[in-house]
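One chain, subunit A, appears in both complexes that follow, with subunit B as partner in the first and subunit C in the second.
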Partner chain A sequence: MNAHVKIFLVGVLGVTLVLVALFVAVYGADSGAILRGVAGRTPLLLSGSADFSAFEGGFAANIVISLWAMALAAVAGTALGVGMISQSAVIRGPSVLVMNVLRNSPWLVVLYAMLYLLPFEVRIFGRFVEISPMIKATIGLALPVTANIAEVFRGGVGSVPTGQWESARALGYRRLQILRRVVVPQAIPIMTPNLMTTYAMLFIGSSLVVVTGTHDVLSVARTVIASDGDHVATAVYLYILYLFFLFCFPIAILTRWLEQRVRVRK
Partner chain B sequence: MTLDFAWLFDPLYQRWLLNGIGTTILLSLFGIVLMFVIGIVGAAFLHLNVRYLQTPTTIFVELFRNTPPLVQLFFLYFMLSDIGLTLTDPATGRSIPLFTGFTCVVLSLGLYNGAIAVEIIRSGLLAVPSQTVEGARALGYTRLQTFRHVELPIGLRLCIPPMASNIVSLIKTSSQAVLVAVADVMYGATQIMLETFRNLEVMLLIWVVYLMITGLAVLIVRRIATTVRIPGYGS
Partner chain C sequence: MTDVQPIQGQPAPKPQTQDQSSAPLIELRDVHKSFGSIEVLKGVSMSVRDGGVVCIIGPSGSGKSTILRCINGLITIDRGTVRVGSFAVETLKKDKELVPLRHEVAMVFQQYNLFPHRTVLQNLTMAPVQVLGEKPAVVRERALALLAKVRLTGKENAYPGELSGGQQQRVAIARALAMQPRVILFDEVTAALDPEMVSEVLNVIRDLAREGMTCVLVTHEMRFAQEVADEIFFTDKGVIVEHGPPGRLFKCPNDPRLKAFLDKVL
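Coming up: the complex of A and B.
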């Protein structure tokens, strides 16, 4: 763990210094005033409300959307992954095709397509339920990530020795039973670091939901820049860079630490 | 729901789309070149234990890998256009801004995917069999010569599979150029959507276009991989 703590400290300190240096280089003598102005916008950027009274926008929205998208993608990705290792070619072929199509699609295009593909509202049990931009953004983000999770699932299952399959079969388990009771429990430690990397990637991608009209951190940033003037734009984007870094970097370090532990245990 | 693709036969829209595809490919190519430069230089610094440069390289990699390329792009776009450097066009003598939207997109693509490339190339370098490296040292190659003539050529070949997905990711990410008004294929698409209101059809077509571009990139990488293959190293 020691080496990881060192990289973590070097990373956080170093990036903070680099960003502060960039900030001072851009603003020079005005740094203090600009910093105070942008710091005053912190509640808005973090929670979407001016005084932390509600958590419905800003950076909180990015976190909420990314968690829901990850949950959706985990379910869909596991199903797709099971399809990809199916013995019947009728299921395997389409699954692999869907995975490849989703993996090679730009997230921005999928987000736009979902914006127009999903209806404005749906009728469930006689009541009209509105599909908000946030739900569309969540589905749009979940789709490409489904492919990544299916890949992780296939890789994890593939890394379990085939002897496990054969012995379980000898004990009379059926294929899906073997997956559920024998192989997947052993694959989970191997899959965890990759799933965390996928989540970090998804969180980084959640910055794109600004195009769907969700109140995410970038759309709040646009509002702030529109009200405070163009000269704060660089400062606001630096601030958002730092927010994303502070969220994703610990995940990256934890992932590496887990990866090493899994490798050592093998 | 019926899909209407009649707008596709309008020559104006065809020209917009084709120009856009050209711009997207050009963006991606420049981005890939920058990505390789950053990746190889960064990996060399880390691998050769260059003093005073290792820590800055680590900080660079962590900063650009853990932040969204979109925010990097907006940041570059606003910061660099504030600085306002200009170049003189040799043909017309007019001064053009050095950091246009196009340049900023290429920079952000190169920085984000370059930071990932540093890690990919470094793991490729670590995968070079130690006997090969020791053999080169025994033959009298210096540390730098070993790197240049033995480790790098083999390491780059070993990291082709993850590099292919990094290149696909770069091409996919290039679609965000539209958000700083660079006329790539997404930009053409949004223009057509504004005129025809065939939003869904246009987006589906663009989806297919991107799948074709990324598919083509994967094919090219595979061809390169078989051409440069050294028997005994990698699959």
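Coming up: the complex of A and C.
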């Protein structure tokens, strides 16, 4: 892990320095005042409330949305992945088709589509339940990621030697039992780095949910810029860039570390 | 080939006798199998009596391993019949229908195919518990006894990757025995082993043969075949060219192809 810690520290330090340099280059003598102003907006950008009193949006919303979308996509993607390796062409064909459609859909287009495809509210057991922009955003992000996870699943299952299938069949295991008891447990270490990369990609993509009207960090940023003036815009966006970096970079390092461990074990 | 007996409703109880006249436990009649355009089996007929030890020898690519996989239904045949005890194997299509057959016929593979994510003991207990629904405590007792039998007491909690090839193959034999089968199929089980480990695996198989376990072996160990088998089948190009007791077959082969083969391997 030592080499990875070094890369991590160098990366954090380097990116911080570059962003600071950019900041100073843009604002010159005003840097101090602008920095103090933007720093004062931290609670708003992170939680959507002025003093952390409530979590109404902001960067926290991006995290929550990304986690829910990942959970949804993990379930749907596994199901789709099982469908894609089905022996029955009736199941396999449509599964592969759905995967290809989803994987080749631009995320922003899917998000817009959700906005107009999903109703404002649905009736469940006689009660009207509102589908909030956040729910639409979550579903919209989960759809393309479902395709990615299905592909990761298929690849992971395919990397387990066929002898494992054969010996499990000889012991009387049925197909789905083999997946659950024998193949998937062996595929998980191989799939994990890919899943983490997928999550990091999803998290970065969560910045797109602003188009659905969700109060994510970008929507809060717009409010801040509107109230504090256009001159803070660069500072605010640099700040948000830094937030995303701080969240995703550790995931990337951890992924690399896991990848190496899997390779060594093989 | 012995005369055909009507298929019994119940599998015959394990006879203590060496009665040659009883219905064979395994009987293949005119089995054909093609993979794509390549015809691997071109009308194979053979029978194995209960408690018999049969070796299938022949050049590589002659369909030896395919014959084994027809017996336990790992591959479906195109034409002919395969009968094991009371099962008409070629009529079993669904995974579920094959479970009782898999209980009767166990298999040991060239590449061991142990489950690397499970301990040695778990490799033995998994299928009896998860497939046959037996009580874990009972299976555990049996598994420990079987590990003692293959001289691997003390390795219960090791993972397959920590064992030598010979040890892994002995675990695989114990795993097959844990299903309490009537027949064990051995598919070139010593071919992947270092020479010094071959005898430890053959010793275990010899013990089983002496105890009256019905064994069908595909092997290149001619001396071993000569020693343990009561019948040898020589296959070439998808047909059984010659068969008979090892004494006669090895000393005075009739078929020129068998003569040529024996000249090469002995």
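Simple rule for what comes next: the second predicted complex is superposed on the first by the 266 of 266 C-alpha atoms of A that agree within 3 Å, B and C clash if a C-alpha of one lies under 4 Å from a C-alpha of the other, contacts with A are read in each partner's own complex, and residues count from 1 in each chain.
Definition applied: a residue touches a chain if its C-beta (ideal position, glycine included) is under 8 Å from a C-beta of that chain, and two chains touch if they have at least 3 such contacts.
Nothing here was measured: the structure is a model prediction, and the numbers come from that model.
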Subject >> subunit A as common anchor, with subunit B and subunit C clashing or fitting >> reply: fit
Original post:
So, A:Val109: does it touch subunit B (first), subunit C (second), both, or neither?
Top reply: first
Original post:
In this superposed model, does subunit C or subunit B come into contact with more residues of subunit A?
Top reply: B
Original post:
Looking at the overlay, what does A:Pro185 touch: subunit B (first), subunit C (second), both, or neither?
Top reply: second
**OP:** Based on the superposed arrangement, let me know which partner A:Leu72 touches: subunit B (first), subunit C (second), both, or neither?
**Re:** neither
**OP:** Kindly classify A:Thr234 by the partners it touches after superposition: subunit B alone (first), subunit C alone (second), both, or neither?
**Re:** first
Subject >> Which superposed partner A:Arg174 touches (first subunit B, second subunit C, both, neither) >> reply: second
**OP:** With the two complexes superposed on chain A, say which partner A:Gly163 touches: subunit B (first), subunit C (second), both, or neither.
**Re:** second
Subject >> subunit B versus subunit C as contact partner of A:Phe249, first or second or both or neither >> reply: first
**OP:** Determine how wide the angle is at the CA centre of subunit A between the CA centres of subunit C and subunit B, giving a multiple of 10 degrees.
**Re:** 100
**OP:** With the two complexes superposed on chain A, say which partner A:Leu218 touches: subunit B (first), subunit C (second), both, or neither.
**Re:** first
Original post:
If you take every C-alpha pair with one atom in subunit B and one in subunit C, what is the shortest distance in Å after superposing?
Top reply: 23
Original post:
Once the two structures are fitted together, what part of subunit A is touched by subunit B and by subunit C alike?
Top reply: none
Subject >> Of all residues in subunit A, those that touch subunit B in their complex >> reply: 7, 10-11, 14-15, 18-19, 22, 26, 101, 103-110, 112-113, 115-117, 200, 204-208, 210-211, 218, 230, 233-234, 237-238, 240-241, 244-245, 248-249, 252
Subject >> Residues of subunit B touching subunit A in the complex >> reply: 55-56, 58-59, 62-63, 65-72, 74-75, 78-79, 82, 168, 171-176, 178-179, 186, 199-200, 203-204, 206-207, 210-211, 214-215, 218
Original post:
What residues of subunit A sit close enough to touch subunit C in their complex?
Top reply: 161, 163-164, 166-175, 177, 181-182, 185-186
Original post:
Where on subunit C is subunit A touching in the complex?
Top reply: 72, 74, 95-96, 98-99, 102-103, 106-107, 109, 111, 113-117, 126-127, 130-132, 172, 175, 179
